[in-house]
Each structure stands twice: as structure tokens, then as C-alpha cells.
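Structures follow.
Shared between the two complexes below is chain A, which pairs with chain B and chain C, respectively.
Entry: the complex of A and B
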């Protein structure tokens, strides 16, 4: 995954924080996901314009006692998995909906 | 997609579930009589229906099989089907057509689908749960097949009024959630009472060696509830509505896990 990696929440999901877990449902097929605390922080910060590295440094490392390198590696793994399910969109350029969504989601 | 035209109906019946009267018109009076018997307690007369369906009956050998239910929306009109029925429904005109053989089971499926679509717009849902009213309050007992829905209904003491032993009807209204009786019966083979009551709690059923009630966290409660909600439509808008409805419900109605020994003592805990 490139260093300049941008992530955005898909528009094809419904999401709600229930207690301390983020519940996500894929709108097209009703698949349900639950994110842990770290993944929830990344998901919430995935605005399409903040690089993943910045999200990890400023949000994950500040909230959880983890080293940047290790946290970034874990975050990239989480993002790749969620992107594979269509929960997140990933691009090496900032993602600004709706045009960028169409470009990235193809 | 088929156009929704009016058939030359010889007979009709209005079936009211969840306070929503649906008129079914057909050219076969015998079929209507069968429906009146099948949905006794939910048949209303002289009521202006909010939704009208023409039921076009076909020979049974032309409407066979079951398979997956298909529910799709195109240009604002719903199309639904399975091997044994096909139906179209336009929510804007509140009219639709059902094509099926003269059996009540296919119609039952159409009614369930239509109610799930309508409830989703209003923050309600149909859920795999038995439900009953005690002391003016409704209790839901949810679970997959074999979890004990019908068992709870069978064990209910005389002061309990059964709403259903299989599919519960949850409606969100201005002053909270209400459970309605339904004619959607399970193994008990008995229709629920056509009444409503404010919802007091939902219990997720588990059979065990002792009776106990345990709290559930909001995420676990949401997951469990969503697993039991009926959602037939592969439609993003409906799926979002159902998800939001379930989350809102969990935030407002107590959801507990009820582990129970299948005998009458379990009802001592429900009040």
C-alpha cells in the first residue's frame, strides 16, 4: 500500500456506533460487520482527504499506546480487508465524493 | 414490468394486520371464503382499504416450486416472486396484482413481504419471535427455529394473550413501540389475537438447565435482533431502513437473553 493512501467510507453502507462497537451493514446484501475500537477510529476518520498515515499518527497512536510503524501496518491490513468488502474506498489520491467515488469504486 | 390493472373481481376480503387494511379481490368466491376462514380475526368489513391487490388465480401446476424469494424495486414499483407466486405493487397508487394458485400460503408470503416494506419506512419490522401481552404490556421472544418461540407460547398461563408464536409485528409510533397480533402462525397452528400493546421488552431465547435473564450489550443486542428481522428486499434503501430501525429499537427497548427450562415456571419471570 502506498505511503500516500487515502480512505473514505463507502456510500453503500449503513453504520452506527452501538456501545463501544461500530456496527456496519452493507446496503446491497445486508452483510453485517462489527469493528473493534481501533478499526472504528480509522473508519470514523476515513474522510477521503486525510492520508491514512496521518489518521494513524494523530488518531490511533494518540488514543492507543502503539508505535506508529506497527500501528500503520495493522491499519493497512484493516483498510485492505474493509475495502475488500466494500466498506471503505482506497485511493492514492484524495477521494472527494461523488466523482471520486465513481472513479475508485469501479 | 406488468401494468397494474383492475380485474373484474367477483369477491373481495379486507385483511387488517398491524392496523393496515389490505383488500384482496379475485374472481373466485371460494378462494375468498377460504381466506376469510384462514385469516379469521383479521378480516374486517366495511373498511376502506389502504392497499388494494387483485389476485389472479392460476392452475396449481403453473405456479409450482418455492426457492428463493425475490423482491426488487424498479421505477418505484415493487416486484416480488417465488416459484409459487408473482406479484407487483405500486406504493404510489397503493395497488397491486398477485398471480398465484388458490392456496393461502403464497398469499401469506406476499402479505409478509408487503408489511416488511411498509414497516421499514416507519421504523418498524417483522421479526422471528413469538409475542404475548401480559398486564397490558407486550413481550417478544425471539430466536431461530428451535430456540423456543412456540414453546414459550405453549407455556403461557391463562392471563397471557398470545399475539403470535412465529412472526411478531413491531410498529414504531409517536409514543413508542407497539407489538401487534399477526395471523402468521408457526408450529402452534393458532392465529394470534388481533390487538396491540406497548412493547415492554424483547427476550432472545436459549433453552438451558435453569431460568435466568441476562443483559445484553447494545452491539450484541443489535446483531441478534438483525439476525431475526425479516428483510426480503435486496434493496439498499430498505436495508438501511431496517438497520436504522434495529439500532433505534435497541436504544429504546430493553433486550435481554432469556435462558429457560421449557416448563411453565419461565413465565414467573415475565411480567
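Entry: the complex of A and C
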């Protein structure tokens, strides 16, 4: 994955925090996912304009006791998987979604 | 139910989260269905800003599944503004509509907004039957056209086929129509009383012979043989379980902001124009009373052999007079399905006192009868 990797939440999903997990439903095929706490932080910060590396450094490493290099590797893996399902959009340029989704409540 | 949804529901129950809310945007409608339980006059619907504020509160409360229904949702000129706002708040949105106002442009907009599914009421594959029920000439044609528009946008559509005396012969035709359109068909053989308590609509319910045919038709009911088999009696696990999700992980909000446990359970539990949704959800005495009831507490039902597979609706029981009592409509359905009379049906037929709870006998009355 490129150093400048931008991630944005798809506009085709529904999402809500429940306890420490994020529930995500993909509208086109009604597939339901749950994300753990760390993946939820990345998902919530995926605004299309903040590079993944910055999200990991500023949000993941500050909230969880983890080294940047290891956290970034895990984050790239999560992002790739979610992008494969259409939950996240990935680009090497900032992404402006057509519908400005507010940050997921709770 | 998908196991992940079951897991989420169990977690929501544990955390006290209202996972599912049905919000009726309006009771106004362009159809006048003969079996409808609503009063279609507008008695002061919530404004656009009141609804947006409510959606903010529902998101904060943790609501995930949001059903927008009515009345006819597209009778509101601000419908798409509300829908867009709901999607911006990341709800998983399902729409219930008659779809007669959905054309290509609306279907495209619904797709763009990432709606999860659209449920459309179809009563018959024959215009003369469907249109007679909706009392709107041309309504079947328009609803079917809408389904085609929505399907061409790749959207998931479900046909809801409510069965009543007028259309009981037509469900095979509706199922064939569903196959042709590439949509799922769900069949509901229950006509419910009007929300104001008027029970005259129940006369439209199909008779027991027709109901038995529906319940026993393979391909219509999943595992019909299993579903109609006489159930084993209630055990502790069943007795300690909850009647349904109403008030536990689900509730209903009317166009006027009234909160109820469910659309079929008209127990007024608060109003979002007066109180915050979350305060109502957490502290309403009515919702807390609903939550306190397990199957063990139900009059008659708790020792009925049909309990395990009964579809007793607490809302219908409430409308029959006692939320801890039976829903005779469901007792009758259980009887048709399993061939075993429920405790409450037998009690009703024998004129027994099972449904009456006498708390005290006035001394004068006792003396007079002695």
C-alpha cells in the first residue's frame, strides 16, 4: 500500500457502535460485519482526507499501546479487507464522498 | 435470523440499546385499504426539524435498524430530505411503502442514498382485486412499475402480501408475480384491530380452513411439517424468555412523536416532543412494565402446551385487554397449526374465569349473594 493512502467510508453502508464493537451493514447485499475496537477507530477516522498513516499514528497508537510499524501493518490489512467488501474506499489521493457522512454515533 | 444479527440483538438486549425503531412519518395515505388500522387525518405531524432532531437522538441512543413507514411515506414532501438525513446518520434504513409515487427518478434517488430494502404491499396479482382493496384504481399497475424501477437500480425489494377474505385465493398468483419480478414475497395472514381499538376489521380475517391451508403449504412455510407438529410443553428456558423484542430492543414512534413498544402495541409510553427519546426509552414506566414480563407471567399461556411455538403478539394481547393475557387471535392460529387447543381457547369456550382476575370481593356483594 502506498505511503499516502487515503480511506473513506462507503456511502452504501450503515454503521453504529454497540459497546466496543462497530456494526456495519452493506446495503447492496445486506451483509453484516462487526469490527473490533481498533478497527472501529480506523473506520470512524476514515474521512477520506486524513492519510491512513496519520490515523494510525494519531488515533490508534495514542489510544492503544502499540508500535507504529506494527499498527500500520495491521491497519493496512484491515483496510484492504474492508475495501474488498466495499465498506471502505481506498485511494492515493484524498477522497470526497458524494454524501458527507457524519461520524458514526456512539 | 442471521447468527450475527442474533448476536447483535442479544448484545443490544444486554446493553439496553433500542436496536430497531419503526418511525411512521405520516398517517396520510393515497390509498384507502379496507383493512388499514390507521386514521389518515393529519393531527399534527412532526416537522422536518423535529424529525431530524429525533433522528439525532435515535442515533445517539444506538438505533441501527430504522424502518420508515406510514401511512404513505412519499406523501411527505420532505421525505427525501428526511431519508438523506437518516442515511447521513448511518442508519440501516428499510422503507415500507405502497410505491405508487415511485418512478425512475425516485428509484434512482433511493439507490443513491443506500437504502437497505423496500417493502411494498401487493394484495393480488389481479388489478380488480388489488385495486378494490386499496380503493385506488390503477394502483397495482403503478406499484408493479415501481418494483421494476427499484429492481433495475439493483435494490432489494420485498412484496408484503397481507391475506384477508378478499384476496385469499390470490397468494399463489402474488408469489408467481414475485418470482417474475425477482423479489421475495412474505405472506401475513393477520388483520389487526384499528389503533383506536375498533375491532370490526377482524371480520376481514381469513377463516380457519384457509389459514390451515396456508400454514401447511410446503414452499410457503419453511419446514411446514415441523412448524405444524404438536410442540413439547413449556420448559424453564422458554418460560424465562421474553415475549418478543417490543420494548426490549425495539420500539415505535408515531408521526406525532408518541412512543410505543411496537406499532402493534399501542401502549402510550411517552412523547418525544415533551421528553428526550433516551429518557423515555430508559425510564418510561410503561416500557419498564413491558420489560418486566416473561412468558412465565402470562395468564394461561405459561402452562399452555402451544407456548413453545406460539406466535403470541403482546400488542394484540394488550388490545384484547391484558398485556399479560392471551392474544386469542394467536391462540386460534396455534390451534390451526398444531391441532391442539390452547389453554386460553378452552377457557374461553368453557366460559371459565381464567381471563378474569378478581382482586377483592366487596363485603356487600358477598352478603347479598349469601
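Everything that follows uses one rule, which is that the second predicted complex is superposed on the first by the 98 of 106 C-alpha atoms of A that agree within 3 Å, B and C clash if a C-alpha of one lies under 4 Å from a C-alpha of the other, contacts with A are read in each partner's own complex, and residues count from 1 in each chain.
As a working rule, a residue touches a chain if its C-beta (ideal position, glycine included) is under 8 Å from a C-beta of that chain, and two chains touch if they have at least 3 such contacts.
Small disclaimer: the values here were computed from a predicted structure and weren't measured.
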item: Which of chain B and chain C A:66 touches, first, second, both or neither; value: neither
item: More chain A residues in contact [chain B versus chain C]; value: C
item: Partner chain in contact with A:57 - chain B first, chain C second, else both or neither; value: neither
item: Partner chain(s) touched by A:12 [first = chain B, second = chain C, both, neither]; value: both
item: First (chain B), second (chain C), both or neither touched by A:28; value: both
item: Common ground on chain A, meaning residues reached by chain C in one complex and by chain B in the other; value: 12, 14, 16, 18-19, 21, 23, 25, 27-28, 30, 32, 34
item: Chain C partner contacts - residues on chain A that touch it in the complex; value: 11-19, 21, 23, 25, 27-28, 30, 32, 34, 98-102, 104-106
item: Residues of chain A defined as touching chain B within the complex; value: 12, 14, 16, 18-21, 23, 25-30, 32, 34
item: Sites on chain C touched by chain A in the complex; value: 2, 4-5, 7-8, 11-12, 15, 17, 19, 59-60, 62-64, 84, 87-93, 112-117, 154, 156
item: Chain B to chain A touching residues, read off their complex; value: 217-219, 221-223, 226, 231, 234, 236-237, 239-240, 242-244, 247, 250
